[in-house]
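In the two assemblies presented below, chain A is common to both, partnered first by chain B and then by chain C.
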Partner chain A sequence: MSAFKRIMPVLGLALILGLAPAMASLAGARYLLTQMTMSIYYALATVGLCLLMGYAGQISMGHAGFMAIGGYTSSVLTTCNLIGHAQMPAFSLLERSGVLFRTVSADGVSPAVCVAPWAAFLAAIILTIAIALLIGMPVLRLKGHYLAMATMGFGIIVHRMVIGFRALGEADGISGVPAFPVLPGAAISGVISDRLSNYLLAAAALVAGVWLLQNLVHSRAGRALRAIRGSEEAAEASGVDTDRYKLMTFVLSAVFAAAAGSFLAHYNGGIGPSEAGVMKSVRAVALVALGGMANLWGTLFSSLILNFLSLRGVFQSYDDAVFGAILIAAMVFAPHGRIPFFTANAAARAWRRLTGRRGRGGDARD
Partner chain B sequence: MPGIDKAKTAPILRAMGLSRSFGGLHALQDVSLDVPRGCIKGVIGPNGAGKTTLFNLISGSLKPDSGTVCFEERPIQGMKPSRIAAQGISRTFQNIKLFHGMTALENVLVGRHRLGRAGFFGGMLNLPAAGRDERMLLDRAREAIAFIGIEDVAQREVSGLSFGHQRAVELARAIASDPVLLLLDEPAAGLNMKETSDMGALVRKIRDRGVTVLMVEHDMSLVMGICDDITVLNQGRKIFEGAPDAVQRSAEVIRVYLGEVNAEDSQP
Partner chain C sequence: MLRIRNLDAGYGALTVLQGVSLHVDAGEIVAIIGANGAGKSTLLRAISGLVRPQCGRVEFAGRPLCGMAAERIAGLGCLHVPEGRQVFAPMTVRENLLVGGYARPAPRAELDERMDRVFSFFPRLKERRRQTAGTLSGGEQQMLAIGRALMACPSMLMMDEPSMGLAPIAAKSIFEIVARLRSGGLTVLLIEQNARAALRLADRGYVLETGRILLEGAAGDLMANHDVQRAYLGKDYSRIDE
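After this line comes the complex of A and B, so read on.
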């Protein structure tokens, strides 16, 4: 695929995401930006799963676990007060290098020292890579249902841990997560006046993430992943180190989830244990299935739209049931991901069928 | 094989004393086999003789219980299939294993995977080096497709192709990696007579490019027609080895294939 043809859909996505807030403003519904921003972060996590599940064919029912690891690491490090450790020799060095920063604690008066958001983000990514390697190495030897169960087990462990540990806020989660200045003059935060800039930051992150994945999918490595999904044995016989490729993909998809989780925690100003719930993982799997499995764009749009509707409360208390039903429907009607809904190919085929029906019918009568 | 140079006359693949059992079944027992460089070697035998097990042991899909496999005089037994493939051994499968959901060209591109260098991050960032790598892969994959003669289906998704075409795509994928040794597991299975003889011509053409071929096959006309040397397996053991005409004359081979010849049956 030429570079031009590859960049076009990414530019299209940037355009759509860029125009959306203007349309929301015109409709007098700027408050929608909040849920739009959140659904973008969820979509960022989902497209990472799409690479693992759709392209490499390795299911993960523990994706929310990685999102939680990202979100919680950022939240804990940026809110824990390290002032008691001020005597440690490395302290002033870390403070001068900007890893630590002085602030005030939740009571508004007493001084506090926390880890800077960028350093916390870095730590979250490194921790995620380490955990993904540790989990992925044994678990990716499994296939199908067994892999699903093992990764779900991982997700449940993460969920139980965030509920069980006092340092992770137990059932209350963590609040008071500060703004994350990512660009000069733009920080990820829940400040109402920065709603538009926050939306644009999220959109930029998603466009960048999709651009990277889109490139990957059309590269030698991406082709190897699709080959693994097609036939692991034949891929291996063609010289593809399937163990290594599966592990790399598992780690990469975990990093996408953790980055999204971290950003979302800064945006929401906190994180709670429900982010780590098993249903969040099921939701991600359902969205990839609905998107058409090996279909980055289908996953992207199904995730943006359905997460937005869910966050707006459209599904009311049937929220989890809706995503469960989507998963069942996708599995029953299109187990291999051929959902002729989002894909451009399917649209072209449908168009041909509509316009060429008479011609083809003539052939059939001959 | 003419030539006095030892490196040239040494077999390209030497299997020694290979054994493998599944539970109580001895699929292969103490089988040794040499594949001389530049020849087409056939492995035949009735169903259950251990032919596919032998192939899987050589290509690394299975590990031998005992015995060694040396490729270019280096031991390869017990290595992962991808490492064995990386040394220049490629294979096809008895029941065709293509990458469904991908075009014929993409399938062949994966076959060339081992000769590409672009990694995960080069691909993700679409670095210029990755682009050059990709163009090189694409050129050579197209060559392999032209060599096999399936240009007309290159852009088609493989699950929609006819059986014969699928087999050809698999063959193109196998030779796309510029193998030194090509393992063909029943390349004529499911093909009609015309297709079988085309396949024979193709395998010869591949050999003439300098690729050594080791082939498991049931179709006797193909085996007798193109193989320089044949190994006969029966119930996991090697029972005969020699040139095609010697195999056809061997009383042991005839007994295995046709059963005991008794007095009444032999009367005209």
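After this line comes the complex of A and C, so read on.
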């Protein structure tokens, strides 16, 4: 695919995301921006999983674990008070270089020193890479449902740790996470008056993430990933270092989740243990499956739309059940993981399947 | 070129190959024939590093291969064309070939050159280079699987049942390709169910049965052998000659 053909859909995405708040304003529903912003961050995490599941063919049932690692690392570091360590020799150096910053603690009076959001973000990404390497190396030798169970185990451990540790706020989570100034004059924060700029920051992050993935998929590495998915044995026999590519993808998808988790924590001003729940991981898997597995765009839009509806409370108390049902439906109707969900073709195929008739052309995969 | 001594290999606790010894000299076509489940594919997997040999020695061009990762073995020029072709169905013909070049990384210009060579060998693939591999016919997919291996500049090709599931005329053209590859200087280790066609083409052959080498010899001698005729040539005789 030429670079031009590749950039068109990304520009299209930027346009849609850019127009959405204008439409919300016209409809007099600016309050929707909050959920739109949050669903963009969730989508950022999901497209990372799409790379792993759809292109490298590896399942992860612990994606929320990485999102939580990102969110909690940022939250803990930017809220913990280090003023007691002010005598340490490195302290003033770190403060002068901007890694630490002075603020006030939750009571509003006593001085506090915390890690700056950018440094906390960096730490979150580095920690995520380290953990993903550590988990990925043994776990990616497994296949199919063994891999699913192992990664789910990882997700459960993260969830339990988040609930169990005092420093991580136990069941209450962490609040008081400060704004994350990413550009001059623009910070990720939950301040109501900055709602539009926050939405645009999130949209820009998503467009950048998708642009990166889109390029990766069509690069040498992406070709290797698609080959692994096509036939792991043949890829290996052709000289593709399958272990290395799978690990690299696992780490990259974890980084996407962690970055999304960190941004979301700054946006919400806090994080709670439900972010690390197993159902959040199942939800991500369901969205990738619904999007058509190896379909970045399908995953992107299914994630934006369904997360938005879920955050608006449309599914009420059936929230988890809805995503569970979506996962089942995706598996039943597309066991090979290729539903080109957003094409007219898919509707025709589903119709044929339901009516038991075979139309012209038929379905090459059955 | 290839020298195997006392090779044992299998899957987990299951040992499929027991004490297999064989050799392939440079420029030869060597056929391995045997019934379903004899361990033919396992033998190729053990050579190409897809399964780890349990014990024994495998030497390629004087270098021991045991324990080496598959991609390094491919990089040495010992290429495995797997059973059932296993082309990367959702990717285009061109992309399939590019992946074939991963075993020996090279700048783009050289990869293009290698691809041109593959295309001159398989003009059919050139016509279909933008098509996804899954839409090719069985014979074309086999050409692609071979072309993909050629992209790594092999000195030896190991082909696992290249005629499997092909119409007789397509199978015939695959055997012609094997002959042409050899005259182009390649060494070929050929596995076939179609024993008659394989032995006709080969210089030497081995008969593998339940994980052991039962017989070996010049292809003509094997074809004349009574046991081989009864076990591997008898029933297939009329069908193969179509």
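What we mean here is this: the second predicted complex is superposed on the first by the 341 of 366 C-alpha atoms of A that agree within 3 Å, B and C clash if a C-alpha of one lies under 4 Å from a C-alpha of the other, contacts with A are read in each partner's own complex, and residues count from 1 in each chain.
We take it that a contact is a pair of C-beta atoms (placed from the backbone, for glycine too) under 8 Å apart; a residue touches a chain by one contact, two chains touch by 3 or more.
Just so it is clear, the model here is predicted, and its values are computed rather than measured.
Aligning the two structures on chain A places chain B and chain C in a clash.
Of the two partner chains, neither chain B nor chain C is touched by A:Arg30. By the touch criterion defined above, A:Leu212 reaches chain B but does not reach chain C. Shared-chain residue A:Arg223: touches chain B and chain C both. In the superposed pair of complexes, A:Gly239 makes contact with chain B and with chain C alike. Set against each other, chain B and chain C differ in how many residues of chain A they touch, and the higher count belongs to B. In the superposition on chain A, A:Ser231 makes contact with both chain B and chain C.
In the superposition on chain A, the residues of chain A contacting both chain B and chain C are 220, 223-224, 226-227, 229-231, 233-242, 294. On the chain C side of its complex with chain A, the touching residues are 48-50, 69-71, 74-75, 79-82, 86-91, 95-96, 98-100, 102-104, 133-135, 145, 148-149, 152.
Per the touch definition, chain A reaches chain B in the complex via residues 3, 6, 212-213, 215-216, 218-224, 226-227, 229-231, 233-243, 248, 252, 294, 336. For chain B in complex with chain A, the touching residues are 59, 61, 80-83, 85-86, 90-91, 93, 97-102, 106-107, 109-111, 113-114, 116, 118-120, 122-126, 130-131, 133-134, 137, 173, 177. Residues 220, 223-224, 226-227, 229-231, 233-242, 294, 338, 364 of chain A touch chain C in their complex.
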